[in-house]
Amino acid sequence: MTRKVAVYYAIMAALLVVVGFYQSWNVAFGILNLCLISAIMALGVNMQWGYAGLFNVGIMGFTALGGLTAVLVSMPPVSEAWKAGGGGIALSFLILIGTVIAALVARRRVPAYLKLPVTIAIIIVGFILIRVFYLPAVDRIEEVNPAHTGYLGGMNLPIVISWAAGGLVAAGAAWFIGKIALGLRADYLAIATLGISEIIIAIIKYEEWLTRGVKNVTGLPRPVPYEVELVETEWFVSLANWFGAADLADTASLFVKVCYAALFVVVLGIIMWFAERALKSPWGRMMRAIRDNRDAASAMGKDVTWRHLQVFILGCATCGIAGAMMTTLDGQLTPTSYIPLRYTFLIWVMVILGGSGNNWGAVLGGFVIWFLWIEAAPFGQWFMQTITLPMDEDNWLKQHLINGAAYTRFLLMGTILLAVMRFAPRGVIPER
Amino acid sequence: MEIANALALFANFVLVPGTAYGAQLALGALGVTLIFGILRFANFSHGELMSFGTMAVILATWFLQGQGVDISPLPTALLALPAGILVAIAMSLATDRFVFRFYRQKRSNPIVFAIASVGVMFVYAGLVRIVIGPDDQSFADGARFIITAWEFEEMTGLDEGIAIKQSQVVTLVVAVAVMTALFWFLQKTRSGKAMRAYSDNEDLSLLSGINPDRVVMIAWIIAAALATIAGTLYGLDKTYKPFIFLQILLPIFAATILGGIGQPIGAILGGFVVAYSEVMVTYAYKKFLAYLGPADWAPDSLIQLLSTDYKFAVSFLILVAVLLIRPTGIIRGKVIG
Amino acid sequence: MTGGYGGADIIFDCDITVEKSEIAVVVGPNGAGKSTAMKAVFGMLDLREGSVLLDGQDITHMAPQNRVRIGMGFVPQNRNVFVSLTVEENLEMGAFIREDDISETMEQVYHLFPILKEKRNQPAGELSGGQRQQVAVGRALMTQPKLLMLDEPTAGVSPIVMDDLFDRILETAKTGIAILMVEQNARQALEIADHGFVMVQGKNRFIDTGKALLANPEVRRSFLGG
């Protein structure tokens, strides 16, 4: 069993090495870094699906929350914007909390038939109050130097902190959605998570005072050196010379990627260690018992919904961590880049391919699928070129097919998912 | 007069577009609820099935336009609709044969079906983007307006006009016709009753000799037809963009759950409730209130509850409210575990 | 018959027969295998030994759906009506396999259960427990079965309704149908039974006419509470 796993990982490593030699090491490490992040996301989803059988279709939202956290933690605060609208935002936030508390208290105090009307009334009043302070504050913040800031900025802390913080934020959102949808039938959780992830993306896209929206936040601080500084650093130049590197700039960018890879491996290692410990602990065994026979577990007095909430929060937090790492790697937050096929459903392909319930499988799935996702583009191009070879250069069908080549990756992913589910439903590395 | 103006304004920006959108959502939700009721899983590929069917309609429309076929003032797409429906039916029957039937025979968990439908979604999405590309496609032709805002003002002497687009009327007429046909089928025909029986109580329907394969086949045929019609009407009314169909899944699911899973009437109600809520919550009431208030009185802000960017939040909030208050939906649907 | 659900056998050498126009009742304590015996007759579990004959035809290996076609009707204990369909639609669905005119059979069912005619356009889910059981029996009668099998038809209905139901079952038998039923309410059931089978731990302990079983002191003491 373990030998099989080792062989699979060796093949995967070999594939990356092949890319290193034939394309370039920069490409290989670029793929590797996202493989590592994908692997973490797959681990998160595997906790939910593999351990507990929860169908989460909102991975994108939790990833994006991690990305948002990266901005809020690392960017310098915009003091002018804070002066202009910070108070208004803070006040509306307090009113929001007040409204929620008021609604909760009122629901306890009033008789049952008044519950719904009173709750709605409180929410409406709170909503109007919030808008009174919120909208002008937003306008004032967004007026502050809109070309460069126009948002509140962040806390100016090292970005690595945001990796943990991103996990916490995602966990909070997961708690909220889990409270609502867990305990109902399984598809409801799926649909509710689909909804929350769309809303999170909408917030990130349109709340410019918070995220600059579609203007993107760029130039996030890095946990690793900058290329331009590296090429002027003595030790780096001599290191590059020692390796006999031809292009210094190229080597610098490779070096940066290697640094990231090292950091990511550490994070993946830590999460993996916890995930494996958890899976083998009594907690993990109970989780699987609940998954396999929910009724029996609940008859034994296990609080199934609470257990599900725990694992749901943990899984989402893991996705949040990965999201913060991804935004760190990109160096910018691009809200429009979040699309569900790439950030939610692709992760599902990884987990199903790797082997639901097996962490080593999930990680391998993350690697393989990301690798294929990237390499499917040149492959699709080559494929379309080949089948259209007999056609004229300016044949419309040929042009059309070559233009569409990038989307063979969707076809490929769907086929992989369906084929694995059908012919190897336990995945490449099945659950032990 | 002022009140009439206010109502005209409201009708123009909320009632008319909301009704058309509601009909489109209702048709989509009918397909989802049917599959939910018969095959008992949340079909995530339904949005892409809509996209796929609509793509087939667009290709057929272009072909007809190229041949010089013209049924103006009606859009050519209506003529192309049957061809698109046939393509979508063929596709979904093939999908059932090669994907879902296997899990049905194994009596797999509904979640397994749902995940398989994610795979199907990928395949459809890929096919659509390879064949027609990821960009906007316009295929609406024929007359644009039944009545323009200006004509309406001329006619009634009001300051506010109600513009009615042809696509909106076409949407409503087609939707009503399709829904009538569907309910006639479900209520009056033997196969329709068998479908309802199967959805109600699978074991007992087997005891009664109802053939499950046939029921499932009819369910896919109807779902594919509904999906194509819904997608085409949406495309005529707004625009055809492949990525829209991933987003529209959310309001459709919200409508399905709101109406009660497996309940066709519920799906229609749910579609309209979601659509009207979306339009009403994102409508700016400033001008509307200005008409109703005293002269020269106008609110400062737009009086818009939520910016249009958050229209999907409305579906989500409805969904959350239903899950919290009445998980069975308006018309008691199936809630398992 | 000997068989079970794949694991250990639940019924052993169990013999049940019923003739045309007669009522056979299987009674016995909980867990005796009454329902299992019923399912065995209907082909819902595999028999390890023994056989099932209908009109002398061996149908041991026939699928339940096909048994419906050759004249067996089955009324399950739970979920035995289509709750969202009207009474009339329930009856129509009962006759789904028939290609001929069903209106006559439907009139017969309405004649047997007059209340159903009154409520023909109401969803079956809105009816009372006893009326629902009538719908369930009516649905099974729509195929014009030779043998009607009822799994605890009086479970969960009030004593008055129960008496009424037994009366209707008697009347149904008089139309020339063989009826096999499993019952919890042993005493009342045996009163209308032509044949009674007392099952204990998967075996037939007593086989006799209903009246004789009621008179049998041992049966009375052990199963009828004195």
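By letter and in written order, the chains are A, B and C; residue numbering begins at 1 in each of them.
The working rule: a residue touches a chain if its C-beta (ideal position, glycine included) is under 8 Å from a C-beta of that chain, and two chains touch if they have at least 3 such contacts.
Note that the structure is predicted; figures quoted are calculated from it, not measured.
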item	value
Contact-graph distance - origin subunit A, target subunit C	2
Result of counting contacting C-beta pairs for B-C and A-B, higher pair	A-B
Greatest separation from subunit C - chain, by CA centre	A
Centre-to-centre distance between subunit C and subunit A (centres being mean Cα positions), rounded to whole Å	58
Between subunit A and subunit B, centroid-to-centroid distance (C-alpha), Å	30
Centre distance in Å when subunit B and subunit C are each reduced to the mean of their C-alpha atoms	46
Subunit C - residues contacting subunit B, complex	64-65, 68-69, 74, 76, 79-85, 89, 92-94, 96-97, 139, 143
Of all residues in subunit B, those that touch subunit A in their complex	41-42, 44, 99, 102, 110-112, 114-116, 118-127, 129-131, 133-134, 243, 246-247, 249-250, 253-254, 257, 301, 305, 307, 309-310, 312-313, 315-316, 319-320, 323-325, 327, 335-337
Partner subunit C, residues of subunit B touching it in the complex	190, 193-194, 196-197, 199-201, 203-210
Parts of subunit A lying in touch with subunit B, wherever the complex brings them together	53, 55, 57, 116, 127, 131, 135, 180-181, 184-188, 190-192, 194-196, 198-199, 202, 205-206, 294, 339-341, 345, 348-349, 352, 400-401, 403-405, 407-415, 417-418, 421-422
